[in-house]
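Multiple structures follow.
Below, subunit A partners subunit B and then partners subunit C, in two separate complexes.
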Partner chain A sequence: MMLFIRLVGFFIARRISAGTALSFVVLIGMLVFVGMLNGARTRAAMLGDTVQRFGPAVAPMPAVSVDVGSVHTQVWDATNLTYVATYPGGVLLPLRLSSRWLFIILPLVGLLLASREISQELESGVAQSVYAAPIRPSVLGMARVLGDSMGIALLIGIGLALAVSAAGCFVRLGFIGGQVVRSITFVIILGFYTSVFVLVGNLVSALLRSSIQSVWTCVAIALVVFAGQMAGENLFIARHRSYPTIPFPPRLVNEYLYSHDMWMTGAPPSAEELAADAPPEVHRYLLELAAHGQRLFEMVQADYRRERWFAAISPVHLVWEIAGQLLQDRHENATEIFAPQPPVDPTPPVWLSLRRAWAELLGMVAVWLALFGLNIRVLSRLEV
Partner chain B sequence: MLPIEVEDLTKVYDGRAVVDRVTFSVARHHVFGLLGPNGAGKTTTIKLLAGLIRPQAGRIRILGIDLTRQPLAVKSVIGHVYANMAFYNDMSALDNLTFFGRLHRIRGKRLRQRVGAMLRFVGLWDERGKRVGKYSQGMKQRLGIARALLHEPSVLLLDEPTSGIDVQGVNSIRELIYQLRSQDKTILIASHQLGEIELISDSIGLLKNGRLVSIGTSQGIKESLRGILYKYVVRVPQPIKDFGLAAVECRHVKDSNIVLASEPIESDLAERFGADLVEPLEPTLEEAFLWMLGNGK
Partner chain C sequence: MERVASWGGAFLSMTPIPRGAVPGQVLFSNEGATGDDLSTSSLAGVMLYALPFASLLIGVAMSPPRGGESLTVLAAPIRRTVLYLAHVAALLCYVAAVMAISWGLCGLLLLVAGPSGQSVQHQLNGAFACSSLYAAIFASVGLWFGVWFRRRSAAILVGLALVIVLTGVFPNLGGLLTGSYFDANPELVQPTRDTGDWPDDPAFLAILAIRHTPANALQRILHEIADPTPTRLDSTCLCRVAWSSAGIINEELIALGAALVVGILAGTMIFMRRELCEP
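After this line comes the complex of A and B, so read on.
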């Protein structure tokens, strides 16, 4: 056991001290830094867009934002900036935006880092020294896979931490409350996600026994993942239904909402609360709005249930869903219609967020276990 | 109980037997040389003995331990040096040896002592902090010997240990092997360098196309050719072209010709060139080796 732990430590140290590690950290860091800045820009753009589209309309209009598979679908209020400010809030928003790109960057990096690992040892002859030692090849393989994965997770963590800190200073955003724990959990999951591809890279490397062939095969696998993702998305978009809309609020509603004292209080009230003491015309419209929101919620919820399986096999949605659940200040149902809601205090526990992404996590763990078993089998039969 | 016992060892790649029913044994504290041209199956035999690849058939026993049943026990009593030794190039010699020492379950003070002793033994103590990537191949081979000896194995498997290194490097490796020989290790050395094998081996096995075609001492192998291979020197300055049907080969060297034949042709040569110009000689191991390979004994 002691030897196994030492071996894992050895492979972690090797992974971190490798020359490619620094470029990996820089790559991840730059990506998140850009995401961070993009987050700040998006927030500003949302504000401008809202003003342009809705003009003086300040009624909490439900707007639908549906992505393929509806995994992270939310219906949100485009006229009220509470959404942008609180969900997902602060420093977590850019991380969440960046996760869309991490879905392909991390597999590519994981595959490339692992693709030469075993084949290079076989080609150089180091494998002969390693495998001549009195240690089971399966134990060696296990230590290598775990060490590599943990090393890469650590690199991701360092890259993200550096980038978030730098960009946080730049756009004046900082961690608050449980955001640190959520971010760390997300980084660990990203490391685990990357390790799935490290396992694929190791497997390719051990089977092909040639660095050049392994690298190209891994690039091809990354491209297939990317292309499969795009094809799947387009298929879903092609067959997705359109959602109903509601007419813009009449002038009377706007005037009522303008004069309402909700703008003076902390959290905006719900449509029902707003309608309670409103004139009849406004009352009717606001209730229609609430009913419309409820219909949308049910439709989106149904779509989400039907299409969620796609997330468990689609890397982008897997990462996006987990990011959506983890990187938020308040705990939203993935398909909840957004209406002005009071901030949740305290922030929901991390485990609850993880439980909401159970299907994606389970899919990832299942694939990891299958690949891990396959790796051990191949490595324990490896002839050097 | 012999240190190395190999019985009907067979390894097949793509339907071709690379090692074909090889049987031999090595006595305690002996040096056994495995000779053969490239592709004869020497490296494969060594890899099979080191437990790096699995045989299709046959049995290997090291110090009485069955390799198939107890591969880890066998690996803990053998040291393996191969041609073009490789290490983790980005690590120092010290770190490499420490890592491999740990793989052999050597720990703490003993590990430090063994690593230090082995680096001194191979003359790399002063270079211990240097990255192995900056080592010459000769230094890597020496480091390979240090690695193979770290866990104090009783049996050493050396596969072309002097391959790819310069004359100076060859000499220092050879010197180390002589020292190991005097340390009562049982050594199996594979090489295609006949001189090297002849110098350090107690007995020799000749491999051809995966089969062991001859086994014995170098003197024994040469003697086994008596009545089979004949060698003559003919002291005539011009090259001999027509040297008789029984002749295997004729080499023109300076003012003489070396003639190898499968039958005694001394009288024929004496009649043709004069008895005083023809002298019978004993074939060298190299000639015996080449003859065996060439004639499919």
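After this line comes the complex of A and C, so read on.
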């Protein structure tokens, strides 16, 4: 057992200290860091522009229109817009604004980092020395697979966490307790997500035994992952159904809601208040809005559930669903952004958001375990 | 009723990005203006993010092979520069052919599926020209890396790192630095808003250079193709800037052309000095 732990430690250390892996982590960290800074700036600019165009009398309202595209995209964008307009601070919004690209780039990085590992050892003859050691091949294989995937997951996790923290400190985003826990969980999940592709890369490398061939194969797999994501989104666009619409509220409605201290945290006006002092136009509009919101929410929820099945074949959709639930702290379920109901107060705990994406999390763990088993099988029978 | 007026979503009255409403937005929409990453599933997203990597791979695959074949050719009375430039020419023809086929298919799809007419043809022509140029830049870099690194796998890894920097880091960095510059020099916001000309300040040159890196340049061209109105919101400097679309497109095309020339020249220089024996 001690030998196994030492071997795992050795492979983790080797992974973490590898120059290529470190360079990629620095690059991805830079990507997130700059993306978060720009996200924070864009948010300030958009808020300024809104106030300039509409004045401060703009009342926040439920999302009431669904654009063309997948419902996942709509929920993600609507949440972003809400946060842009009414954001109290913290790292969630900048992280949302800068993370979508990671869902595609991390598989590519994981695959390429692992693609040359075993094949290069076979080509250079290092594998002969390693496998000549008096250790059972299955133990060696298990330690190697575990060490490699954990090493990359750790490296990516630490790199992303450092980038997010640095960006947070740099623009004084503020570290709000719940948001920090969500961000850390998200970073851990991204590390795990990358490690799945490290296992795929290792497998390809061991099976093909040629570094250039395995690099090209891994590139092809990464392109398939990208194409899967693209095909899914466009399929949803093609099957997009028409959702009900409602005209934008008249200025009077905005002014009324604003006068009732609705700007940031105010409670909505009660039915009595509305009956007492709301002009008939406002009253009518809000009634229409209630009926419209409920209808729209039901449709969105149904479509959202259907779209989640696509995650079974598209890793990007899988991790995106988890991110969609995790990187928001206003609702128990991300789709409730379309519901005509107020945000949850206090903010929902992280485990509740994770529970909403249980199928995707379970799927990711199952795939990891399957790949782990396959890797051990291939590595323990590797001819050197 | 109490639940109705609560705040839960996007501003109803705030529609910062009119999507799909402008008749010109057939191929490209104005998405990405929220500061979010451009959707990778859209045509613009594929062009910006997938095209560089794919063309880089084509470049690496078409780079002069080490060993016998190249050495035999070089044994003939032929200049190294000529050999490399022949590779470049073949590569550019290949990239242009791939782009022509892709956009041709896209045009056919549009003809079959719906919107057609002069505006689409104009957009298709523009998209073909700028995407070919954009792909050629990364393909030439791939060719250069294929010569520079002894192992092609190393060339691909370094190429991927470059693609991440150019398409992921620089677009955000350009917006960030521009915004910071105008924050530090608020007196320049009004003149920029009025004239649309960037400040003459030498310190701004570095920011301009970043703003004209390939991905930034292509993104701005796509914005202009999607929404060719002369006045548009530039969220990075908090101002509405009156620019001529044609001016922006020409400027960015020049930037893309310059990047292509740099890629080819650098590759030629490396090829002149590189041994071509087997790794």
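FYI, the second predicted complex is superposed on the first by the 289 of 384 C-alpha atoms of A that agree within 3 Å, B and C clash if a C-alpha of one lies under 4 Å from a C-alpha of the other, contacts with A are read in each partner's own complex, and residues count from 1 in each chain.
One rule holds for everything that comes next: a residue touches a chain if its C-beta (ideal position, glycine included) is under 8 Å from a C-beta of that chain, and two chains touch if they have at least 3 such contacts.
If you're wondering where the values come from, they're calculated on a predicted model, not measured in any experiment.
J.: Of subunit B and subunit C, which one touches more of subunit A's residues?
T.: Larger number of subunit A residues touched: C.
J.: Taking the superposition on A as described, I'd like to know which of subunit B and subunit C A:Phe24 touches: first, second, both or neither.
T.: A:Phe24 contacts subunit C only, not subunit B.
J.: Examine A:Leu286 and indicate which partner it touches, taking first as subunit B and second as subunit C; both and neither are also allowed.
T.: In the superposition, A:Leu286 contacts subunit C only.
J.: Once the structures are superposed on A, label A:Leu162 by its partner contacts, choosing first (subunit B), second (subunit C), both or neither.
T.: Neither partner.
J.: Looking at A:Leu223 after the superposition, I want to know if it touches subunit B, subunit C, both of them or none. Which is it: first, second, both, neither?
T.: So A:Leu223 only meets subunit C here.
J.: Which partner does A:Leu354 contact after superposing on A: first (subunit B), second (subunit C), both, neither?
T.: neither
J.: Let me test your reading of the model: by the given contact rule, A:Val34 touches which partner, first (subunit B), second (subunit C), both or neither?
T.: second
J.: If you stack the two complexes on chain A, which partner ends up touching A:Leu112: first (subunit B), second (subunit C), both, or neither?
T.: A:Leu112: touches subunit C, not subunit B.
J.: Can you name the residues of subunit A that touch subunit C in the complex?
T.: Interface residues on subunit A, with respect to subunit C: 20, 23-24, 27-28, 30-31, 34-35, 37-39, 41-43, 45-46, 48-50, 53-54, 58-64, 67-69, 73, 77-78, 80-82, 84-86, 96-98, 100-101, 104-105, 108-109, 112, 115-116, 211-212, 215, 219, 223, 226, 229-230, 232-234, 248-249, 251, 254, 257, 262, 268-271, 274, 286-287, 289-290, 293, 330-331, 336-343.
J.: Which positions of subunit B touch subunit A when the two form their complex?
T.: Touching subunit A: residues 47, 50-54, 72-73, 75-76, 78, 80, 82, 84-90, 99-100, 102-105, 144, 147 of subunit B.
J.: Quick one: which bits of subunit A touch subunit B in the complex? Just the residue numbers, please.
T.: For this pair, the touching residues of subunit A are 3, 6-7, 10, 14, 17-18, 124-126, 128-136, 383-384.
J.: Looking at the complex, which residues from subunit C come into contact with subunit A?
T.: Against subunit A, subunit C makes touches at 1-16, 19-20, 34-37, 39-42, 46, 49-50, 53-54, 57, 151-153, 156-157, 160-161, 164-165, 168-169, 172-173, 175-176, 179-180, 233, 235-236, 238.
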